Every structure is written in structure tokens, then in C-alpha cells.
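Notes to accompany the following structure.
Order of writing sets the chain letters: A, B, C and D. Residues in each chain are counted from 1.
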Amino acid sequence: MLDAGIIGGSGYTGGELIRLLYNHPDVNVKVATSRSFSDRKVSDVHKHLKGFTDICFQNLTPQKVKSECDVIFVAVPHGASMNVIPEIVDENTRVIDLSADYRLDTRVFESVYGMVHKDPRKAPYGLVELHPEVADENFVANPGCYPTGAILSAAPLASNKLIETAIFDSKSGITGAGISPSKTSHYPNLAENIVAYKLTTHRHKAEIVQELERLDHNINNISFTPHVIPSIRGILTTSHLFLKEDMEYDEVMSIYQQFYKNNKFIRMVEGVPSLGGVRGSNFCDIGFEMDSENRRLVVISAIDNLVKGASGQAIQNMNLMCGFEETTGLWVSGISP
Amino acid sequence: MLDAGIIGGSGYTGGELIRLLYNHPDVNVKVATSRSFSDRKVSDVHKHLKGFTDICFQNLTPQKVKSECDVIFVAVPHGASMNVIPEIVDENTRVIDLSADYRLDTRVFESVYGMVHKDPRKAPYGLVELHPEVADENFVANPGCYPTGAILSAAPLASNKLIETAIFDSKSGITGAGISPSKTSHYPNLAENIVAYKLTTHRHKAEIVQELERLDHNINNISFTPHVIPSIRGILTTSHLFLKEDMEYDEVMSIYQQFYKNNKFIRMVEGVPSLGGVRGSNFCDIGFEMDSENRRLVVISAIDNLVKGASGQAIQNMNLMCGFEETTGLWVSGISP
Amino acid sequence: MLDAGIIGGSGYTGGELIRLLYNHPDVNVKVATSRSFSDRKVSDVHKHLKGFTDICFQNLTPQKVKSECDVIFVAVPHGASMNVIPEIVDENTRVIDLSADYRLDTRVFESVYGMVHKDPRKAPYGLVELHPEVADENFVANPGCYPTGAILSAAPLASNKLIETAIFDSKSGITGAGISPSKTSHYPNLAENIVAYKLTTHRHKAEIVQELERLDHNINNISFTPHVIPSIRGILTTSHLFLKEDMEYDEVMSIYQQFYKNNKFIRMVEGVPSLGGVRGSNFCDIGFEMDSENRRLVVISAIDNLVKGASGQAIQNMNLMCGFEETTGLWVSGISP
Amino acid sequence: MLDAGIIGGSGYTGGELIRLLYNHPDVNVKVATSRSFSDRKVSDVHKHLKGFTDICFQNLTPQKVKSECDVIFVAVPHGASMNVIPEIVDENTRVIDLSADYRLDTRVFESVYGMVHKDPRKAPYGLVELHPEVADENFVANPGCYPTGAILSAAPLASNKLIETAIFDSKSGITGAGISPSKTSHYPNLAENIVAYKLTTHRHKAEIVQELERLDHNINNISFTPHVIPSIRGILTTSHLFLKEDMEYDEVMSIYQQFYKNNKFIRMVEGVPSLGGVRGSNFCDIGFEMDSENRRLVVISAIDNLVKGASGQAIQNMNLMCGFEETTGLWVSGISP
């Protein structure tokens, strides 16, 4: 039984890590840190967890967490993580960072996030389906929520150098914006609405570009536009892909099935996936339709932003890093309706 | 490993039974019947279950189901169940009926549902917290969703003969109305709204009266008014209880804690419970506030109507009937947010 | 053409006042004050009003507003209003206060709101249907949103001394909590939920008691429990009324129709009213069902909390105070669906 | 005062026509037909209109409607309209068809809708901003809801031959699917979700192509993908436009402002428009962001699908056809929040 720690456990991803790890037979959440909620029961903050954990939040230093845990999840904001990671990464500890700090090449990070990076360390990009090498690592950068859905929707075609242009139009549940109330998450502003934002400049674009260009340097254009929808969870990505050659539906389906043949959390579906199929689960459902006339494909991917887009994927990384079966503790269906 | 069958598996309660039983270590769903979806994969209808069951719906007779299964859940409409139950109840089979047909005294049923009852058989009312005797039975009537939340909110006080008048004002998610689209479930009618209906005449009132009067014959008035709210799941019951004597908060809390001391799915909470705490889980969260001046108590109970209000409670009954631990396969937290 | 001013115009009630007064043929909104948004266009804050007003918010003293306006709406928080009102009320100005400061008897106010009242001035309670005398006044206290729906649902029976006990179980859209983001209005907390709060202690109860006891001193018990629902606008009140004598549906309907026969904004409906029928309008729809067996009535009233529950009612008061037809500028239907 | 008739008045567009025309000083709704609701009060079906119309639905022939009315709105399904129009169009009657039957070139219609067109008649495409010539017509085809938002977002650039490729990713409120309950509009399927459909084959694409190609024959590719969101009303269109040449924000803004300089219902906004700004109104709000590096523009347009996308636009057409001011009866702000 491994002991797990969560640095920054009072947010949504912290709550999900504890919820999901409760089902894990080989890992026990021993420590969760929080400054604001120090000494308060975790289940006072995450009330749905009453009966599932007795621990209290503690205000501990990273080193103290390291001394008590075999696995550490870092769930602090970007910019903060780079101060924590150097204190805890070593060969005896498995560390998964859920922030943006180590996802990008350092120079790209500095340009996109407008800050100096203090730690030159590299980490593999923990999108397991593209980076099985995380199994050999003790420090992994967990992907962003939008990039997870966008990259998975296009990677098989990129890998086959088939994409000319890719436009990702993503729609996210509001929990992506975090647990703190804001104008965006204010019910009267979001209900009965859909809010487009950062139409051409969202930071997550850099992750999408990095990963797709890794598969194919010659994609002509990669665009990304995010929206928030009146939904608690979920990201539906509509990927408008223009291809380099004429293709048939079955041919494309084969490419996806082949590419993901060992990835149990990717479900290729006939028809159009939707958020209801993945809510609460670690799946990414993918479906598409061909517009053969125009060498154009519309791919839809659906994930739960807090699970496959954050905490579930972090546990998936942990499973590989610790030598567990990839699906351990994560093999639960979504809740629907 | 017991084989379970579901008669009428294509609705919401059927989907939930399959979802929840997947986590049960000692029970396997072998058969699910449906006329309309016969021969179609269960996971084509309940898409979130893709990867969790390979069975197809079958159009089987009750006898055929009985011949293949150790445990049978009957999830057909009221009035239909009384035609199925006589075919399957015997001493070698455990049967849980999710319809209303066997919840009430036969004469009350006939009056409330306006139909002749064809089967004089009796079944215990499977609200386990009040009826532990289900453990000795092979046929149980699973309670209605509204009565589950209402009765649990008031039973400890009724049991102590403390209630003068009880008014249950309940608010339900729309899945209580079933999987078939209707005017009520039509999004433009329900969103941004709350719909009161059957203000004084809802059939579930009879179950509430039966169970509370079983605990105390002298309750002066029991009223029940249901509403549907723009929520998929959940029932929040606001119970306005007038008491026979002056009481303090702590005294009342003791009575509830004592009454439910062996019931792991009842969580007494300080403050006011809400649907977010129980979504997807088998818990009933209960909290209350005293209006001492007026010998009046407002109790709030929160359940997931499809779990504690239907399929989860049915499995809880099954666990007791089959000699399993009450919580087996059901000990998962809610999903929040 | 009268000039109107709004003190505290950047919130929801301010926005509604401007929206609604645009349609008023005899009144022009000349001034809207705001400290935080001083010098910014009203239509930058209330974006839907682009093209409907060119004024900017100003940071003006109450006296300055009085010097420019014939009618003043005060839409500042309770406790703040009592500092403003003494500066602006005089015989040449019509003032409608939307705060709680002047709705209650001073001593009741001090006890309920836990603060000293600095201004002994009296104002009629501007629920026009019960207080036509506002027509003779130049200062009126606009009712609270919950009390508006609750009182209107029960006043005809109270007026006839028929009520034994009244329990108001109210469900409000979240705009009642104002324009500032909070935990309660945070989308993930409210969506798919219904939140009961202040189960026995909400301040609005005092208004309900004051107005119903004015009609009948001998009501045995008046209880009020509020909830917020996942809806932007609207208050649905479920009034559980126990009567002093047996009554028939038609008899009760006559009493309501008679009581409201001159009140154009009260619509008695067969069946159950819902929020969809009144959204955006100044109507209060009322319907009910008898439980004759128990001398009990369930009455449902539906209002838009921002219109009949706040700004619309304020304009209705203004119309009477200024000698306009009661419906002037307010006679628009709701928007549905 | 002109008399107006609505053929097919029991749906959402019928309800909106009556709601909006109530505010029109020069037009009175005299007749509304419906087979299913014949002889029932309009306000029994559209309950929010209680007090705003006393007429009953009638089951009248088109000729009979023509004999009683000066202006007729046809709000029947596509395929049905072509049987009605020939009976009512003449030089003494103004007719606005809200169906798809006359929006497209006949051969395109037959191909897209898979049916033979029985009536070779032509009608101008009633998108007033592009077709001011409707003022000279007595028969106009009212545009589809999706095309309204999509075309308006791109027309100024198309008109200047600046568009290389246009991808319209549209998100619609569910009222676009009509008043009849369906699987798509079933609350549990739509809430907490967003549903993409007809990813490459939606019929409305033909209207978008027709109108944009009318402005510029050489657009390389026009794609359209619709989604429904958990919202009652509104269409937000995210238009991903690739340009033929480098442009600056201000340059683009000038082009839009110039193009729409006489169009009062088009509001160009700094920042990103959203559905809250247009709810219940006839406005189309448009904003955009440049991705200069990639000669790419993301334009957002927001409309209320039932107003500017249907009934409001139909009245706008009527105003021009009848010689009224374009904004008569339509100049109301949206309702927000």
C-alpha cells in the first residue's frame, strides 16, 4: 500500500483525487495540504466525501509531505508549482504535477505564461496514450484539460501526417475555472448562455501545438477557441480537420482504432459522443463524420475535465509510474443521466 | 457469484442497476429484458456503460429469467409488476420489485392507483432503515423515491411520538419522471423553472402515511406536495414538522443519531444538506433547524432519486436478502461538484 | 415627462429599472449613480441596454440627485438606505426605497436586522394590491421579493380570517442574491441542485408576518423557509395553508377573484402557475388545490423576483404615486419559453 | 391598423409573433390557426400571453385567413408551406414564410430537403441587412435561425472578397428544435451537456453558402457544424474565418461598421458578445478577435433564435414590406440577466 499526498487539496482536482483514490486498492491518501483550510476535515470542505476520509487538511512544507508519502500530486496554480517541485522530486518519490509549469518547453512556457521559469527540469507530457514512456519516470507533467480532449481527437491523423489544418472549437464545463466564485462562474452569467473567451490566445493552445507538431511538423495551421457552457463538468471538442488527401470513413476509423488499440480509456464510437457518456469517468469518447467532398473531417471528443482532463489522468500516470495496471481504481463507468 | 436479472432494463433504474452492480463483487448481471430494445446491446442504449457490459437486451418471459438468475429486479411500471411477480417469486429466488404494486396494503393500493390488484401477496416495505426484517425475506417491495426521502426525514421523531403535523414539500430531479420525453421533461418547460404538481393528491403520499402511521398512529396531519426542479437527479425534501412538545436542537439530533446509529447510508449533517453531496451515491443526508418558539422543526433530507430512491436501495435490499454486507458494492461517494 | 434617478444603479434591480422605464411614456431615466462604475456608460455594465440609454453612471450625492429628478428609486443595500432617504424625501419628490429599511416597524426592523435605525420616518408598505394608499404618498417602501409572492398568495384568505396556520415554502431564482459572485451563486454549487437556507430565520419572514397579521391578528402560526433553485429569475411560493373551516374550491376561487378584482397584475389561473408564465413581467400568477378532507389548501404563486418582486413593483408604486395609470410602461407579457 | 394572421400559431414562433406584435402600434393579430388546438384560447396554450390576446385558435383554410388579413405569417413545417403559399400570395396581401420552402433556389431545395417542390415561385431571402429589396415585395422567405447568425457574422468580409475559408461552429438553444418533446429536448439528455449533430450535413448550410457565395463566388470552403446547448433561447456562432490578406483589428472593425451602418439591429461590440445581451430581443451582437499571425479571425455573433432568428426578423420584414419604420414594435432591449 502506497501513501499518497496532495499538495493543494482543497480545490476541485484535490477533491476528485481523493474521491477516485478511495477506490484504488493499492494507494491510500495520507496527506492533503491547504493553507486556508488547515486543520479542517477534508470532508467539511468536500462534503460528498463524508465517510470516505477522516484526514484533515494540513499546512505542511513540501519536504514534510515528501517524508510521509510515496506518491505526490501537486495541485497548485501555475507559477506556484515550480517552487514546490524541486523540493519533492527524487528517485524515491513519484510526483505528478497538475499545473502547467512543466508541460511546455521552458522557453515556450516563459513566453506563453509571461514569467521566468525557475526550474529547468524536464518532465514527460503525461498524456499516456501518446507518452507511454511515463512508465519509466518519477516526475510527470499532467496535461491541461482542453489539450487532452483536443490532442486525442487529432493525434491518430497527425501521426499519419494527414492533417493540413486543424481548428479546435472547445466547450468546457465551468469547473475548469476552479472552485473560487467569479463573474464567469456566477450563475446568472452562465446559465442560458455559452461564453466564448480568449478567442485566439488561450494558453492551452501551446500544448496542443507542441504535441501535434511532435507528431507532424508540417501541419499548416492549428487554431484553438475555448468556450464555457452551462455544465458543471465536461469538455466537448469539435475538431474541424482539413486533410491532405481524400479519405473514406472506414479508413479514418481504422487509423483511430489502430492508434488507440492499447488504450482502454479511449472509446471510439459510431455516431456523436456527448458529455453524458463520460461524466465522472476517465474515458475519452471519440466519434467523427466525413465531409468527403471537401477533404474535411469533423471529430468530436468528449471527456470529463476533472477526471480524464485532470485528476483521473493524474492517477492513470501514477498507475504506470508505480507499475500498477493502467486502469487500477479508474475502471468505473460514467454516471448517466 | 450470484446471477442477477433485470426485468425491464432499458429505463433509468435499469441503467443504474447495471452501473452499480458492476462494482458488486458477488453479483453479475446476466440478463436484462426489454421488448423495445430486444437484441440490442445494453451499452447501445445506456451508452455510458460501454466497456462495462457485453450483454444484449432480451425479450424473455419472467419464468425464463427466473430459470437463469438467483436475484431478480423488476423494473416495470406499476400495474405491470403484479403480472410478473407471481411468476418468479419462490424460495430459491430473491426478488426486489421496484414498482408500486406491493408497497401498500392491497386495499389502499386499489384505491390510490384506481385498479384491481390481482395478487394478494404481501411484501415488506424495503426501506431497510425501518425494515431490517427484509433480511429474512425473498421478496421485497422497494420504496418510492419521494417516500424514501420524506419518511427518513421524519421517522426518528415519529418513532418517538413527537410529531403533531408533518408537511413534506419535496423537490425532485426530472429523472423521476422516467426516460420517455414528455411535456414536463421538455427542456424549455423545465429549465429556469420549478414545477409544482399534484399539490395534494400525489400517490406517493399513501406510502408516507403508511410508514409514519406505522410508527405513530396519532400524527394529526401528513401532507405531501411534490415539485420537479431543473436537475437531472436528486430529491430534496423540506419537512415542516410541528412537534408535540418543546425540544432543543441537541435533543433532536440525539434522537436522529440514536435512531440511525446502525444505518451507514444515513449521514446526519450539521447545517443544510444539498443534492451535490449525494449525487450518484446511496446516501441520505439529513440536517435540520429548530424554531423553538413555535415547536417547529424544518428538516432537510437529500437523496439521489435513482440510487437511494430506486436502484441503490434495491441493491441494499438485495445485500440483506442475500446475506451480504449491507454496503457491498454501494460504498462509493457522491460525485461533486 | 418626469425625470427619474436611480441611486445605486449598477445592480440587477438598477438594470431592470432602466430596462422597464425605457418603455414608460412619461418617465425618463436621467441619472443613475454608482461609486464603482462612476463615469462608465450604463450600457457597458448592463450590456443588453446598448442602444437604450446613453447615460453614464455618476458618483453623485443624494441631494444632487434630488435636484435633478422628480422621482427617485433607491436601490442600495439595507442599512445604507436610511442614510440616503432623509436627504431626498420631500414634498416635491417621489421616492421609492427598494431596500428593507422602511418596510418594517422600526423596532421590528432593529431586532430583525440587528442594527439601530437612524430615521424614524414611516412609509407605507408598497404592495399596491394591499396598500392602494400609496397613491397619496411621496415616499414608499417597496416590498421584499419573497414577501411579495408569499403575502399575495394568502392575503385574500387572511383578509377573511380563514387561515389557521400558514407555511410558506419558497423557491427563488439566484438573482435574488444579487450581482456579486458568491459561493451560493457559483454555478457548480447551484446547478443540478436546490439549496435550502435560513430554514426558520430568514429576515423576510417579518414582512410576511406584519402584512398577514395586519389582515388577521389571529393566525396561529406563520412559517417561512426559502430555497434557491437553478434559475436566474423567479420565485415560486408553495403556500401550505390550514383553514379554520371547510371550504370548496369554487368558494376559495371567488374569494381570491373578489379580493383581486381591481388588480390587473394578479392573474388567477386554473391549474398550477409556473415561472415560465411570468418571466420578465410584472404579473403574479396564482393557482391552488384544495385538500378538503384536511381543511387544507396548497396555493402556488409565481412572480419574477426582479420585476414584481423588485423593480416592476417599484414602478407600479411610482405610477400610483405620480398619478399615472397603474399599468403604464409595465403592460408587457412574460417571455416564454 | 393592419390585421395580421398566423398560419400555424401554436408553436414557439407563433407564440413569439403574438408576443412581439402586441407591442406593434399598427398591427393587430386577428387570426391564429391550429388544427390541434382549434377553438382553444391562444392564452391557454401560450400561458404567458394571458391578458394580451383574447382570440382562439381556429382551424381555417389559407383562403379564409387571406380574406380576413392584410399580413400573413406562415409558421408551418417545411414541405407544408409550399401548399399554403400559392393560396395566399397576391398583390393585396403581405406574406412572410417562416419555413425553409422558399429560401433556396428550387433545385437546391429539392436536393437538400429530398422532396419535389410544387411551387416555382421565387421570394427574396428576408435577411433585411443583406436584402433591403424586401421593401418592394409582398412575399418574403424568412431566413433560418442558424443562417441568420452565421451569415451576419461573415457578410461584411465576404462582401469585400476577403474570405478564403469559413467554418461556422454554431451553438443553439433547444427551442430551435420546436415545441414538441423529443429525445434531444429531454432534460436529462441536454442538461449538463452539449450535443453536436449533423456535423457536416445540416440543411441550413445551403442557405449560408447561397448567401455568402452571392457576395463572393470565390470562397474556398464554407463549413457548418451545429450544436444544441442547455439553453432555452439563443444562437452563438463562432466563425473561424481565414482571410486572403493580412488585416488589422481596426480595419476589420471599419468594414463591419460600414457594412452595417444603416442596420439598427446589428450591434458591433468590443469584446465578446454573449446570449445574455440579446435574449428576447431582435439584436444581433457581433464581436471578433484577430489572429494576425495566421490571417485568421474569430467572429462571434449572438442572436435570440426565436426573435432575430425567426419571429422578430419576420416582423422586421413585415415592417419594410408594409412601409413601417424597420424597428416599429421591435425596439425592446433584451432581458438580462
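Quick note on the criterion: contacts are C-beta pairs under 8 Å (C-beta built on N, C-alpha and C of every residue); 3 or more make two chains touch, one makes a residue touch a chain.
The UniProt protein names, listed by chain, are A, B, C, D = N-acetyl-gamma-glutamyl-phosphate reductase.
No experiment lies behind these values; they were computed from the predicted model shown.
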| item | value |
| --- | --- |
| Reference subunit A; chain at largest CA-centroid distance | C |
| Pair of chains joined by more contacts [C-beta pairs], B-C or C-D | B-C |
| Centre distance in Å when subunit B and subunit C are each reduced to the mean of their C-alpha atoms | 39 |
| Approximate Å spacing (C-alpha centroids) for the pair subunit A, subunit C | 46 |
| Chain centre separation (subunit C, subunit D; CA means) in Å | 36 |
| In subunit C, residues with contacts to at least two other chains | 12, 175, 188, 191-192, 230-233, 276, 279, 337 |
| Subunit C-touching residues of subunit A, taken from the complex the two chains share | 12, 174-175, 179, 181-183, 185-188, 190-192, 230-232 |
| Subunit C contact footprint on subunit D (complex, rising order) | 12, 15, 19, 22-23, 46-52, 175, 191-192, 232-233, 264, 267, 269, 276-281, 283, 332-337 |
| Subunit B residues within the subunit C interface of the complex | 167, 169, 171, 173, 188-189, 191-197, 199-201, 221, 223, 225, 227, 229-234, 236, 238, 240, 242, 272, 274-276, 279, 288-291, 294, 296, 298, 300, 337 |
